[in-house]
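Below, chain A partners chain B and then partners chain C, in two separate complexes.
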Partner chain A sequence: MFQGKIKANFIKTIIDATAILVDEAKFKIADDGIYGRTVDPAHVGMIDFKLKKEAFDDYDCKEETEIGIDLDKLKTALKVATSEEMVELKYEKEEGRLKVSIGNLTRKIALLDVTEMPDTKIPSLELPAEIVISTVEFHQAIKAAESISDHVTLIADKESFELVAEGDTDIVELRLSKEQLYSLKCEERVKSMFPLDYLSDMVKVARGKSEELTINLGNNYPIKLSFEMAGGYIKIMYLLAPRIESE
Partner chain B sequence: MNWTEKYRPKSLKDVIGNKKAKEELLKWAKEWEEGRPTKKAVILYGKPGVGKTTSAYAIANDFNWEIVEMNASDERNREIIRRIALSGAINETLTGGKKRLIILDEADNLYEKAGDYGGKRAIVETIRVTKQPIVLIANDYYELIKGSGQELKNICKAIEFKKVGKKEIVALLRKICQLEGIEVDIEVLNTIAMRCDGDVRSAINDLQSIAYEKKITRDAISHLGYRDREREIFIGLHRILRANDLRTAIREAWRLDESPDNLLLWIDENLPIEYKHRDDLARAYEYLSRADVFLGRVWRRQYYGLWGYATELMTGGVAIAKKHEYRGFTAYHFPKWLRSMARSKQYRHLRMNLAKKLGKFIHCSSKKAYELLPMFANLFKSNDDLAARLAAKLDLNEEELSLLVGEKAKEIYKEAQELKKKEKQAVLFNFK
Partner chain C sequence: MKVKPKKFISLDESICIRCRGAKLLCGKARCPVLVRYYKNLEAKPLVEKKIIFGSSPPSIFIGRHGYPNVYAGPMLPPLQGDTSYMDLPEKWHDKEIDDIVDFRMKLVRGKYRININTRTGKIIEYIQEVAMAERPVDMEIEFEKKPKGVIALYDEVQPHGPSAPIKKIWVENPKVNKRIEKLYYDEIKANEAVLLLYENGIFVSSIQKAFSAGLFGIEKRFVPTRWSITAVDDIIGKKLVEEIKNYRWIDEYRVYYTKSLDNLWVIFFYPSSWQYELIEAWYPNTTWNPLGKKIVMYGDYELYDGRHEYASIGGCYYAARLAVAEKLKKEKRQAGAIVLREIHPGYIMPVGVWNVRENVRKALKNEPKKFDNFKEAILFISSLLHIPIKRWIEVSYLFKNMLYQKRIDDYYCKIM
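Moving on to the complex of A and B:
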């Protein structure tokens, strides 16, 4: 059994953040919070989130369980709540449904069978560069890049971070020096190319939720994007595989 | 646990049969490893159960490739193929540096389901730009390369998987029995290998279905029957009727290789066994009858697009009709209607043929003649001489005659043959 009250904005963010990759997801409800880790069907993007119990009011979990959620369904259920409203979530094993209460309104959502949903492991990655950037600024650049190309190249070196997208005729560039970033840790130059359809969705989730976005980068290697909400009680991390560069 | 899963070979060298096909596949995979494949995708085609999918998974395992699969239970229209296969094809893996094998199972029946014709084109598009190895799996090669799939012929390497030899199957079954600690009469294994006709999966399923004890004797052979096919639908039916939401039930139905007409009969037969509460049953039958209405429309309009509605109503609708939860084991039955129809098939066929012959003779449709059969039966019975002459004229055979006159058929048939002979001679005589 589990129950807890949480700000609609928080739970909506978690659901939206997962829904850009998959339609269904498995969430683990533990005594210290809710965890989710899912890979998209193409195995290109991964999300890993932690929703600590401190982000809830009256969080109570008697027994650790896993529930399978049809994200679209939960999304529509949450739509009626304004972002500051409190949402009460309740799950009882016997009933097999997730009860979502907003004010006096309740909706019971049928859950999915988790036995066929695979467990996902986070791959161990060596990502030498760490950049902390303004989410708004990065989102702006991604949006601009998206209008001319379907992939983007990210480059970091000791002094700066760079985003370059080349379309058929046009070029979009964003260059930020160390001073213009929140922080930059990078020993040697790294460069990777990423598919914009995934990257743009991921950055969109972060926008408006967190001022800072942490980027971990390698050389032709996956990228790690992470941000926090609710004073660090909600952590969302994305991994995205790079595009294979054409020879 | 299902033995076909339990004993699914992990490495290509353990896959039985199809030596040549395996060599070809291995060669292609090595080309990928070295970076320059001549063809970026392969088509593995052949009968069910001969090791196509197993080989694809095994080769991925041998080379430590990650796997992205799209099988028939996914809704594979253009959009989804692009989102999954194409994304997987042009991007790296999350672990970095590893290769990713994209497997499209049952690629020859992608498109009918959603009435979407962009599926094949999306596959062609994906193969053109892919940076990762792709395997298409099909039962029917020609179904796959027809229409917009023609291009596939040029950009894929086709590898045929043939039926697996009896000897190899027997050896495999014997090994499984050893590992399971089952004592078995070799004759049983021979029979299983013979009747599976090169289909290893069904052979293993057969073996498992009779292996409930540690010793299998010759008598067990008689239990085989149609068991494997029935078992598949039993499992499917169980999952459909126990499903708690629409999608699970519908997806299960896709997985079953059963036409909506047949599925309807199965559900109809077994609903009352599964749903114990009267109100649940009433609601479920309401959905089932609506599904049947759609099946009727499919038939009348010859428009198979409506099958989708029928399937969703009879599976999803029925699944969500229940308000109570049912637990425990339920023994399902084979549809009585199908059984009796199968039994009467020959008889009905005979009657239809008779009506056709009669219709031609009396200038009406065979359907109308069908209705007149009792009248003709009376006519035939009333006068043997007339019956013989009519039989000769209509060219009825003995079985057809027996439908009309019963036991006297033999006699009358003989007489009719005599009459025919005479007539033939008369014709010849006239020519002279």
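Moving on to the complex of A and C:
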């Protein structure tokens, strides 16, 4: 049995963040919070989120369990709630449905079979550069890049962070010095290219949710994007595989 | 991830490929490519009479000019007996262009101006009955004047013969397909009707006929033949794609191929979540590359979530997708699929989008060549194609993606 009350905005963010990659997802409900980790069907992007019980008002989980969610359905159910409204979630194994209550309105959502949903592991990656950037500024640059190209190159060195996209005729660049970033840790120059359709969706989720976005970058290597909400009780992390054209 | 619309490439040579006689992108009043064919065909009048008696295969044609007020009517040859092959593209895959043109020219198109929403009237009833018919229907049409023209060509619709306005029409009581008739009386959505018939093994071409006659849906209306073909390919294809997304990926790389009407078809299946691309390479002096000195290549693709916009290469995209999805559905497997089509100079006139659907189906009935890895498969593909593989890769979104885009799986520790 699980029961919890949470701000609509928080649970909506978790659902939206996962829905950019998949239609259905498996969530683990544990005594200290809710966890989810999923890769998209093409195995290019991954999400890993932690929704700690502290992000809830009243959180009660008697027994650890896994539930399979049709994200579109839950999204529709949550649509009626304003972002500040409280949503009550309740799950009882016997019933097999997730009960979503907003005010006096309740909706029982049929759950999916989790036995068919594989467990996902996070690959262990050594990402030498860490950049903390303004989400708004990064989002703006990604949007500009998207208008001219399908992919973007991110470069970091000791002094700066750079974004470059080249279209058929035009070029988009963003260059920020160490001082213009929240922080920059980078010993040697690293450079990787990423597909913009994925990256743009990921950054869009972070915008408006967190002022800072942490980027971990390597050389022709996956990127890790992470941000926090609710005073750190909600953590969302994305991994995105690179595009390597030199091979 | 949804696919974004492809950027516009302003190449004069690609105008025809994007237009195919439909949009008149060249700014001329009539498609010069099609006009050229008409001129080359000797204008020997096939029909000298104003009254024709014959067996309709069955066949109907709904025009699109003047939409929503369009010309509709049955088509019939001045012949009696089993004419069913004349309107059954599912049986044409071993025919040559000349054979197809020869029997399609015999189909005379009766024209009657209707509003697509009109539901009553004798002629409208006749058209609907013919569209429901299971076997050839005897009919007699008296035309206002002698049928004009020799052959009418379209890109997506199969060609037909001369046409004239209908003055009087008599149609025998046809034997109708019971399933189609039942759906006509049922208040179910057009999409659902199409899928039900397809699942019951009704030919796609027959479903398209019934769809264009406005037999399905809550609000029934006529649909121009051209649009009905792609609509039905799209409805069925989309449904099949949704189903195959539940299946396991194929384990190996497969290459299928076939040749027909001087077209070379190479179809590549690879282990992946659903994604699909069709690329066509038109040689100079083929239908839609009449002016070019170079081979013009054009393609469209979709990723897992499908497309937002209508494919720029038109109905052939949806016809090939149906054939590909049908094959995977039958095997209960999921894969990525790339269809490569080389259109060699012997393909002298457009014969309709059935050519794409039926030839991809035909290729997929063959035993594929199987490979353990991408490199070997690509080498084999490259040995089949006349155009260097490098050029295909340049045009292809999915090939480039496979070559360059890494997957998360590539970063798991190999040693446990």
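The rule is simple: the second predicted complex is superposed on the first by the 245 of 247 C-alpha atoms of A that agree within 3 Å, B and C clash if a C-alpha of one lies under 4 Å from a C-alpha of the other, contacts with A are read in each partner's own complex, and residues count from 1 in each chain.
Here is the rule we go by: contacts are C-beta pairs under 8 Å (C-beta built on N, C-alpha and C of every residue); 3 or more make two chains touch, one makes a residue touch a chain.
None of these values were measured; they are calculated from a predicted model.
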{"item": "Three-chain arrangement built on chain A, chain B and chain C clash or fit", "value": "clash"}
{"item": "Which of chain B and chain C A:195 touches, first, second, both or neither", "value": "both"}
{"item": "Contacts of A:113 with chain B and chain C, given as first, second, both or neither", "value": "first"}
{"item": "First (chain B), second (chain C), both or neither touched by A:243", "value": "both"}
{"item": "Chain B versus chain C as contact partner of A:44, first or second or both or neither", "value": "both"}
{"item": "First, second, both or neither for A:125, with chain B first and chain C second", "value": "both"}
{"item": "Partner chain(s) touched by A:105 [first = chain B, second = chain C, both, neither]", "value": "neither"}
{"item": "Touched partner set for A:70, first chain B, second chain C, both or neither", "value": "first"}
{"item": "Contacts of A:136 with chain B and chain C, given as first, second, both or neither", "value": "neither"}
{"item": "Touched partner set for A:218, first chain B, second chain C, both or neither", "value": "first"}
{"item": "Superposition clash, chain B against chain C - the stretch among 239-247, 275-283, 293-301 or 365-373 that is involved", "value": "293-301"}
{"item": "Common interface positions of chain A, toward chain B and toward chain C", "value": "39-46, 123, 125, 195, 197-198, 221-222, 239, 241-244"}
{"item": "Chain B-facing residues of chain A, complex", "value": "39-46, 70, 96, 110-113, 123, 125, 195, 197-198, 218, 220-222, 239-244, 246"}
{"item": "Contacting residues of chain B [partner chain A, same complex]", "value": "66, 68, 70, 74, 83-88, 90-96, 100, 131-132, 244-245, 247-248, 325"}
{"item": "Residue ranges of chain A in contact with chain C within the complex", "value": "39-46, 121, 123-125, 150, 168, 195, 197-198, 201, 221-222, 239, 241-245, 247"}
{"item": "Complex contact set, residues of chain C against chain A", "value": "1-2, 4, 7, 245, 272-275, 303-304, 403-413"}
